[in-house]
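Below are two complexes that have subunit A in common, paired first with subunit B and then with subunit C.
Then we have the complex of A and B:
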């Protein structure tokens, strides 16, 4: 019977993949090591010392081998890494398309994180959809010098009056952290005033080593403030966050 | 699509919705790419640099290279001097550019990093090797827009590099600042100047930097960009012709202040009238006689305008973009018989308000002209009284879809189509291309909407 067996294209692809995975690398360990050495010696000495911990050749006999990935980028390196703001607002929070995300800062941060991470958001029936919008306090020199909390509160009020969202999030950018705008306080005050959830994230761009710090800030903010907070008893169909939480807590 | 946008206009004091502008550093980075052998450097958090590079890369579909000071919490407290000095060492050893053009960010500006001192000390201590050029522009993101950033970096090029020597050059030449335009436009303007026989230093010149050919190998510093030797020469030029007042005024003025080079500011040459003014200025300043080929180019533009005028006549158009682009575009549309009823920009601009008012006051007295505004406002205007055509950068496509409008992509950025960096929209030839794009968009819509009995073979 086996000689009549014709694998489907998926099976054939899986088989080919398996073969590649199990086959020996065409590059010898010596070649890999010398290439990595070439890369590392190209850097200035101090930088090379750091980079040697980031680019590691796997040695099967070394069980404690580790890549030091969670380290700062050396200034001057043409890096692909982003910032905490990009990770928080841009990556994690932006796809929540039925709430309004206000970027508290100069215009650029909101602009570059606008529409680049939609995750194909589709509102529920009768649900709100703000996924194609970009909201910012567009801070100017005056706001940087005299503080931007007042402008932020007004912006939250204007967003509420115009769009009536069920929740608003506020995202800090670099200068906000420096001038010390109390966005947590502003969010709390506006949340109490408007009777909706207004959550703020201190995701200033300079925090952490890359956008990963922002993922952390965003996920913990959502976990702390939203997850399980919903008092709805009615089951909402689909893979909603609260639905999942209820199921696991049962 | 954009269902939450209410028809009712409400005054907003603090909330910007769907901006029609972005921040200074991206403009500065783009201008810096117009110097040959230059690595732009963003002095701030690394996210700024990544955002600017990715946005420019998406617009030009070419890899945009730039380095960053990668600020941390520590640098935010203690200043970014150490970061910049480290960056110099790393950059020279790894990437070895001839020129580093540093732009600041809101973070380094709020801290107050003193760049001239850091650069001077780095030079004195040998961190910056002999013969290497380092320039900087202050580009706080909370002042102005991407246009301001372009303007500040272009001015910095003059401040740092323009030289006036005692002996005048043997062959006279002019400076030509093309404005915040596409590489195709700069390439076309250089050809245009050659066609007229004008000897010019064109800067910043991003052609052959952000539109490089595929050769199979990566060139860190592509063929194009204005060479530093030419930038030194700008101080000895006869005159400066600067296109796009908002983007190019600062550099032209700096050349006058520093090197006594007089300047003339002109609208970007979009359409017949604006291109005529450029040609006229070139005739007056350099004494050239326009060749017959140029007159034929002009004639072809006039020909297509008259051949197709019925399709644009009385069409209500909404235009959004940067002031230097929107002003001549509005003039061009009016000259084609269209009615630009909504003309907006995100940049705060006296030039924009004055020129648009001059152009529109008699022909479209009801036109709404607004600077320092956003696309949300434009959408609300359109909801109140619709238009027949929307001309805007890529972000307009959401309004176009929501309101089912014919849509022409124009300006910066365009992230979803190709061609904008290859086909010019300036000069007589570029205007033909632009006009064809507008007309074909309208004709496409006509074909889509016409019932069978009037669906015509010949339009």
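Then we have the complex of A and C:
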């Protein structure tokens, strides 16, 4: 339950390729082209030309199909894209309002992802609610130079002592990956010590092309560590839907 | 807020930060760069920071702000971001036809140690013949400092890199015929404040350079055509001539105490007399500002302002019975807190706690300077504080109102007391960018709002609901 999983980008790519290889091509190459052409007729000419590169019909014989949506942002072009951290903490994980999310990094990344519009949360009766909170290790120069793992562990301890949450998540920002703080190890250690799930995400902002890399990192972690981990089956009234969040803006 | 705090009496010194009362350095840099004519702010780092800051700035100013980025990836984080920076600047030139690009670093590029000045030097060597925009760079690692330090560092970098320059091979800085009389370096104030300062200079009949001036760029009129870079901002040519001015007026007592400001650079390098003032909020700080304008310009304060001053004094008298003895908590960036505290002290409201996420080391002395002659009990002054600590401190203080940014709302809601919104960010009310804080007029507005907040609370709490107060 406390084992943390974050694939490196190579691993993720290999995994994706494997899936593509195994799948059957839904259409022939001719059909592929005509399908895309069909779709883009709805757009004005200029947009259609651009959009065409963003649409790919999966072809089982071509494992390395390129899709423009997965290209890196051109430097200097003002982009709507965010970062992996934004996708992981800001979009997918933060709305879990009954656990505590600690941003390991300098102050900004946490501040900008603090209770933004996406953070909708309705606590259950008697349930915990931390949605108004924004926790960070607020790293300073000393932490960058000498490492921030100690501070992170203290932060986890403080959050636990103050709020007694059932779970804590830890999110890495760019500088953390660069200085090589072992947040997985810290999370594991604190999880064993506190007896609650402490899950860490290596969602450093420079990973991937946009926030979508963070959606994957978050979802992988949640599926791996949380889903199915609860032995009790509590009945939730009304209809419930499981929804994996992807491709949303922050 | 459902926190269940243990009943400890001794306050803990937290290592972590819960609900920060500060933003990060490059955000300040972006706002400052946006106040320069035809300038595109550019973050050398990964793109997330730029997107986050854009979104955050928009939520306050309700105005688009384009911030370019080097969009560094894992690979660049290892091999350095130089090539991306150069590519990025070329793209900004092409897409925006910017006359200036203001480059700030982020935590990422500071951590990997990218040498931006060196990259820019190489860039100039390589592309110098293409009619380059003016390039100004500033180091803004957030792991040391807040958005305010980023803002001030940017202003200083602009002065350092542009003032007195005439023969830059980048863009022609045509000398202007009007020599500025004064420079005003106001700090992170609202667009409305900046407009008010411009009016004051105009009414004094003097030319002045306000750096930066985002009154138009971050609060622009609606136009039929979308302008990629909105009109307005301090012209680069004016900045280049700031050393010709008779004086520099720089706001911020905490800033002044750091001894490391743009205004001081103008004094030390170009012998421009430097006046360090508090933000002109409240009668006394405004008087100092207007008196300084009188000495530097040789002009008397126009009647319009003496009249306003008189009306403000009159209001202080009229409103005193409603507000005297009320207790207030002030929080936010240090210099605004100092100014608001100075104002509260003179109107009879007791500031009980002044808290900031900043850690300049000068907050206490600045608060003492503006309160010691007016208050019998000095307020608690806390640097490096977050909202969790403010909430803990408040339990004993029982304030009647809060004054600060939108981030105090959960606290005000919990305590059921009014929150007077000032400063940045204000994103749960409309018109944050048009909040006037400065001058007799700004003080008047704050005063009226404060009195009304107290009256409204009184009315709401009353079982009778009196309608004549």
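The rule is short, and it goes like this: the second predicted complex is superposed on the first by the 163 of 250 C-alpha atoms of A that agree within 3 Å, B and C clash if a C-alpha of one lies under 4 Å from a C-alpha of the other, contacts with A are read in each partner's own complex, and residues count from 1 in each chain.
Methods note: a contact is a pair of C-beta atoms (placed from the backbone, for glycine too) under 8 Å apart; a residue touches a chain by one contact, two chains touch by 3 or more.
As the structure is a computational prediction, the values presented were derived from the model and not from experiment.
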item	value
Fit-or-clash call for subunit B and subunit C when the two complexes are aligned on subunit A	clash
Which superposed partner A:121 touches (first subunit B, second subunit C, both, neither)	neither
Partner chain in contact with A:47 - subunit B first, subunit C second, else both or neither	first
Touching both subunit B and subunit C, residues of subunit A	72-86, 102, 105-114, 128-130, 132-141, 143-144, 151, 154-155, 158-159, 161-163, 173-175, 177-179, 205-207, 211
Complex contact set, residues of subunit A against subunit C	9, 72-86, 102, 105-114, 116, 123, 128-130, 132-141, 143-144, 151, 154-155, 158-159, 161-164, 173-175, 177-179, 204-207, 209, 211, 250
In the complex with subunit A, residue positions of subunit B that touch it	1-4, 6, 10, 12-19, 21-26, 41, 44-52, 54-55, 65-73, 75-76, 83-84, 86-91, 93-95, 105-107, 110-111, 140-143, 145, 346, 376, 395, 398
Subunit A to subunit B touching residues, read off their complex	42-44, 47, 72-86, 102, 105-115, 128-130, 132-141, 143-144, 151-152, 154-155, 158-159, 161-163, 173-175, 177-179, 205-207, 210-211
Of subunit C, residues touching subunit A in the complex	1-6, 12, 14-20, 22-27, 42, 45-56, 66-74, 76-77, 84-85, 87-92, 95, 106-108, 111-112, 141-144, 146, 357, 388, 410
